[in-house]
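Just so it is clear, A, B, C and D label the chains in written order, and each chain counts residues from 1 on its own.
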């Protein structure tokens, strides 16, 4: 991955959030407070604006793109997803301190993002959170990394989507959905759904870049 | 969706501008989204900072003023504020005696305030946090997100605010806040849903003869649906649910908050208060102080919450101490 | 119909019992249905008595206390009190300096208070009446019932109450009340209907994109339907409608009341207040004092009313005078 | 009319109010505040209770029945209809100071009731109020009085019902309905409808009494 691809990933993600905004909100309305779409939309609108700003600093590393994204999410999103995704992107950016990153380095970065999520939110797989999409995505990415970025990203996106779908039968143990007790069963977790967008955007951007 | 707003995106800045115009005695930083007292304390005192998602008005901005909060930082509707914003609030009112964050127990609030506390520490500001988690509708276990913070927030902010006003040190103010929280329990029922500007439709649909029992303050459905019943039966269930979890005995005194969720007529809240009073009297529990009205709302949700805080001489004395905020005011 | 009540017939007595329990500092006569101050004045003073149908809480009972009303007599929901009841209120608080009835201009209120005044006169109690008729939605002509009394009631009760507290004679207090009413204009819009317990269904039906403009406070439809618009456009129409009937010029000061009708989130009322403030500023009119919240409600109606009262030094001075009631309190 | 018939009238009226309670409320919901049925029901429930009370004083005159009814309405109903109907019944009772009343005397009493209504409320015919049913009823009663009480009461009841129906196309100029301006057109006035019940109850009671 180079800096241009990192930027393309973030832009594809911002576009995906906008397209799926109402869907994320609907998921969050069912078992949360109905703001997940608006939260991420607000955050990624700010991210895109920052990237597009005439005086935006030219990122010197792949990590700089991700760290900057995380910092903006942290300071614009709020709610649960703001600190979670903000910290995850910042954690991913930290190790990627060169102008390019190998698939293996990216796998480590994604794992660092997951660690940040788990560290901050305290959720474990099965709690019906972002962790349930992020965990299989990182594993799939790492497993397919030897086959190249495109294969790894595609595998991760598929895994994230399956992970999100797999949250449907779960009873939430973290986040707002946990307040519903057994009534949280039967709904896809909104955060897991947006995590699937993160990984699908990575696959799409990689694919477009011919990578 | 019918709302008195300009756009869903501009609700918070527009409301803040209105709040600033309505309360010139307070300082409203429209960029940082921080409401704070205008006067700096003559001698350093513990500064109380609270915040959370908007849509719960008058909480928290309506409780900024002498005797209660020093600053509030409202997030977007039902979305906790961001760390930068919480930090800005702390910086605005920090006077050298430390800052107490009053945080309602929601994942987002806890994380954002925790990150803000880390930032504040980097700036040399001492921060303590009181976590409010009074809602007995939610199971309290280390495996869950824990109980939600709801009506008890008013008591924590009022009582800790009064103690801070007297110059008590940070640890003591934080300990009192924790003690008040531990002495408080809440439970809520909804007769109708809330609609956030962003979602544009109600958080749930409810037939005309059913209610949601055990709801929170974010428009989410509750623990279960039940048929609507006359007020005295409904209140009996709410009181008994709280008492089952609360160590209150005959002879005890409480502060009772009968709180509207935003769309409940005051007339009905007084009907509810009458039933609460009667039910507690049967148990030998006396309501020493009370509030009846909209204090911790959930936009346009219909229903009520009941909060009971066990009272003791210190609690009552701090409750009676002067307070001068937009929403709570006595002397 | 979903309400926190026991039966439609018992709403008023049940709510009064709750009010009595919540406000032990006031005297509530549950049989006579009269709320009054507990302390008799040391020297005779003009006693302010107001009342009207219930469903407008905190009006009027919430305004009983030092600096405002001496007694309130709530009728059934949206039904004016009966003459015996008004008389009982007058008798309860009469201290020899006469009684001022503050009456909102509705046929029923006017007639019942008039009959009560006759009964009081027979008992040797001197009575004067201030009729509040501030609602510009209604045509003011001798051929009609005249304008309705709405939000201006708060200003009349506050200001006349402050003057009475100072020992002013009945004629003077009545004259001030009339002057405040003449200096006040109101206009209201509804986003949703009200449901009375007795009727059990909404007073009107409204599509999701329409509002009723020029509504009163009894759940009745307004003068016309219009599409819902962003707050700044809606507020512009409301402000302009009032200004078209009000002699206000650049440089004038007003007391502004942005009043919720019962089911409107405070967040939205602040958005509205911000727009009112901006619109008046464009006209050079300054809001010297304000209230934002639920003061004169219409059960669970959604919407808001705006009341503008021209201010002058006497009005502002009386407004700032101490008041200690359940719903209005400052010192 | 004797005292027993006066009592039968009031009881028939109380029963009619109960039967038509929701209808009166519906009419008042359309152009008023939706309480007319509840108001009159509350009033006539109190009237019936007072008449049935074990310690109720035996009325000595026809007028005593009507005056007592009016006094209770005044102190129980509130709103516009309480003082109006209360004063009307008291005004009707005042002149009927014997144990019986002739149809001509009753015609005068009904006219006195109308005068009280008009005096207190200031409404004239055409304002879309109780006056629009009461006025033709009094005229019809007086015209038919020579033919006896039964004929007069039946004529009055018919006239009151027509009068109430004739309020439909009117624009209200008094009472709450006037606030609606032209939107009050097309609805029957609730007070005129309840006035029709008053006269129909008189006719029914008279008929049952074989008068």
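Keep in mind that, in the parts below, a residue touches a chain if its C-beta (ideal position, glycine included) is under 8 Å from a C-beta of that chain, and two chains touch if they have at least 3 such contacts.
Being a predicted model, the structure only gives us computed values, none of them experimental.
Asks: If I average the CA coordinates per chain, which chain comes out farthest from chain C?
Replies: A
Asks: If you average the Cα atoms of chain A and of chain C to get two centres, how far apart are those centres in Å?
Replies: 54
Asks: Where the centres are mean C-alpha positions, what is the separation of chain A from chain B, in Å?
Replies: 32
Asks: On a C-alpha centroid basis, what's the spacing between chain B and chain C, in Å?
Replies: 29
Asks: Mind pulling the chain C residues that touch 2 or more other chains?
Replies: In chain C, residues 77 touch at least two other chains, as defined above.
Asks: Work through the pairs of chains, note which ones touch, and then classify the graph as line, ring, star, complete or other.
Replies: Looks like a simple chain-to-chain line, open at both ends.
Asks: Give the pairs of chains that touch; include all such pairs.
Replies: By the stated definition, chains touch in these pairs: A-B, B-C, C-D.
Asks: For the complex, give me every residue of chain B touching chain C.
Replies: So the residues of chain B touching chain C come out as 1-7, 11, 14-19, 21-22, 54-55, 57-58, 62, 77, 191-192, 208-209, 211, 228, 230-232, 234, 262-275, 277, 287, 290, 292, 294, 297, 299-300, 302-304, 329-331.
Asks: Looking at the complex, which residues from chain A come into contact with chain B?
Replies: 25-26, 28-29, 31-35, 37-39, 42, 74-84, 120-121, 173-176, 178-181, 183
Asks: Mind pulling up the chain B residues that touch chain A in the complex?
Replies: Of all residues in chain B, those touching chain A are 8-9, 53, 75-84, 106-108, 111-112, 115, 137-139, 143-145, 148, 196, 198-199, 201, 203, 216, 218-221, 223-224.
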